[in-house]
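Chain lettering (A, B, C and D) follows the sequence in which the chains are written, and residue indices restart at 1 in each chain.
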Amino acid sequence: MKGMGIIVVKVSQIIAPVIFLFGLYVIVHGHLSPGGGFAGGVIMASAFILQILANGAILPKLRHEEHGLEFLESAAILGFLILAGLGLIISGSFVFFANFINRGVVGQLISAGFIPIENIIVGMEVCAAIATIFIALVVFKDEVSE
Amino acid sequence: MLDILIYILMGLGFLCFIRVVIGPTMVDRMVAIDIFGILVVGICALLVLKSGRTFLIDVAIAWIMLSFIGTITLAKYLTGKKLDE
Amino acid sequence: MNTISIILFIVGAAFDLFGCIGLLRLPDVYNKLQSATKSVTLGTCSILLGLFIHYGFTAVGLKALIAIPILFFTSTVAAHALVRGSYLFGVKLWDKSVIDDYKKVVQISTEGKEVEK
Amino acid sequence: MRYLTLFIIMFLLWMLITLNLALSNIIVGLVAALITALVFGSQFKLNWKKFYNPLRYIWLLIYIIVFVWECIKANFDVAFRVLSPKMPIKPGIVKVRTKLKTSFARVILANSITMTPGTITVDVIDDDLFIHWIYVSSKDSKIYTKKIIGRFEKLLKRIFE
């Protein structure tokens, strides 16, 4: 009688990829419509949270996942800094976060210079951070109670 | 016409809040919150027509998913009170 | 605006109304879930279908059409999880309930676990 | 092969929600579907061969029509029970035995029962479905089995098995 039962497990296998894809959609269209990196990242992280809630967390496996997510989070922050520094170097105007890529036509998917790339990096960062927070709450709660 | 429907749905959301306030047990409140999440999706869908801002349908889809995960979390708390099972 | 979509909107709002009245009137948690979740979900689906009929096969209309199966799956599973959770939490059925087959299964499994400990 | 099936489904979903046939959109959609398939492919444990049988989709359409009709009919029934001043309800949890074998078909059957107003699935344990029913009209197991799941079971057997 413990756990979530077969219905939630089976349906979460179908719903979780859809949620993840919708998060990617929100991130990629961040410069065209409301949303963007943070909102999409939260939606993507909620797909992982659904998986953990449905299947139950096996602690060693979760610790393993937590290391990977921490790596992803750090890499995203590094990429963000590199992107900002490139703007400083390449654009020639000595502005941090200068938009140095061609801006294209307003309203198309590939436009607005480096804002889509920055959105993707922010999305990775937020997704990894929120999943890490959730896993940490699950793991550390057990350690504290012991 | 659309205004009246939107006001009706908002009033129904208020009814849900009445149930949240007076609900005798915890589970009643959870049910009311679940219902409120679905009502908001309907309000978003009507606002698309009212205001002509088409991104509100994205908001509706995101709201469906997040409200689902919130309800599953509450249900998980009811079944075992432990997240790692 | 389209006549069919207006009819669908009104039907949807009416179903939502029934669901919320049920949420206020019915006696216990299980019956509240019975009326509320399903009436409200069907009403919201009807509103989304009206949106699809109004916009046709454009981006907005197709998004509204995709939202319908997602809403069906998620709200049914949420209702099921809430019912199962509240039963295992110990919420009792209404006094005038007729029959309860699930009680035996829960009792057997919980007693079995106590024996194991 | 599981990954490829998930990839195709996700790509179709992406094209439906964006509805834009530009080359850049297709490339971004392919990449997004690839990422989703790689992340969630290992947990996608459905039988992939059943996705490529067109006959099942025709039965699925018939099933949706039957289901929507039952849903609307039962919804008016519940609305009548809620609105009438005496509230003629007689709730209870009954046990129903199903003939479906695969677990996914059972899950879909349970979801259909939950979505039909008046009945809600409490749990699925092996062959047994435990159903909370708002108006228990008879206590004979054959009669209520036929009344609750008889209309869905045959169609679901054709779709998912």
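Here is the rule we use: contacts are C-beta pairs under 8 Å (C-beta built on N, C-alpha and C of every residue); 3 or more make two chains touch, one makes a residue touch a chain.
It should be emphasised that the depicted structure is a prediction, and the values quoted were computed from it without experimental measurement.
A.B. asks: Could you compare the number of C-beta pairs in contact for A-D with that for C-D and name the larger?
C.D. replies: Pair with the higher count of C-beta contacts: C-D.
A.B. asks: Can you check how far apart chain A and chain C are, centre to centre, with Cα atoms defining each centre and the answer in Å?
C.D. replies: Result: the chain centres lie 31 Å from each other.
A.B. asks: Just the number, please: Cα centre separation of chain C and chain D in whole Å.
C.D. replies: Their C-alpha centroids are separated by 14 Å.
A.B. asks: In whole angstrom, what separates the CA-based centres of chain A and chain B?
C.D. replies: Chain centres of chain A and chain B, defined by C-alpha means, are spaced 25 Å apart.
A.B. asks: Got the chain A residues that touch at least 2 other chains?
C.D. replies: Each of 1, 4-5, 7-8, 11, 14-15, 18, 22 in chain A touches at least two other chains.
A.B. asks: Which chain C residues reach two or more other chains?
C.D. replies: 33, 37, 41, 59, 63, 66, 70, 73-74, 77, 79-81, 84, 88
A.B. asks: Two or more other chains in contact with one residue: find those residues in chain D.
C.D. replies: 13, 17-18, 20, 110-111, 121, 123
A.B. asks: Go through the chains and record each pair that touches.
C.D. replies: A-B, A-C, A-D, B-C, C-D
A.B. asks: Quick check on the complex: what are the chain D residues that touch chain C?
C.D. replies: 13, 16-20, 71-72, 75, 78-79, 81-83, 87, 89-95, 110-111, 114-118, 120-123, 125, 130, 132, 134, 136, 139
A.B. asks: Where on chain A is chain C touching in the complex?
C.D. replies: 1, 4-5, 7-8, 11, 14-15, 18
A.B. asks: Which of the residues in chain A come into contact with chain B in the complex?
C.D. replies: Within the complex, chain A contacts chain B at residues 1-4, 8, 15, 19, 22, 26, 33-35, 39, 43, 46, 49-50, 52-54, 56-59, 62, 137-138, 141-142.
A.B. asks: Which part of chain A faces chain D closely enough to touch in the complex?
C.D. replies: Chain A reaches chain D through residues 5-7, 10-11, 13-14, 16-18, 20-22, 24-25, 28-29, 47, 51, 55, 108-110.
A.B. asks: For chain C, which residues count as touching chain D in their complex?
C.D. replies: Residue list for chain C touching chain D: 15, 18, 21-22, 25-26, 28, 30-31, 33-35, 37-39, 41-42, 58-59, 62-63, 66, 72-73, 76-77, 79-80, 83-84, 87, 93-94, 96-103, 105.
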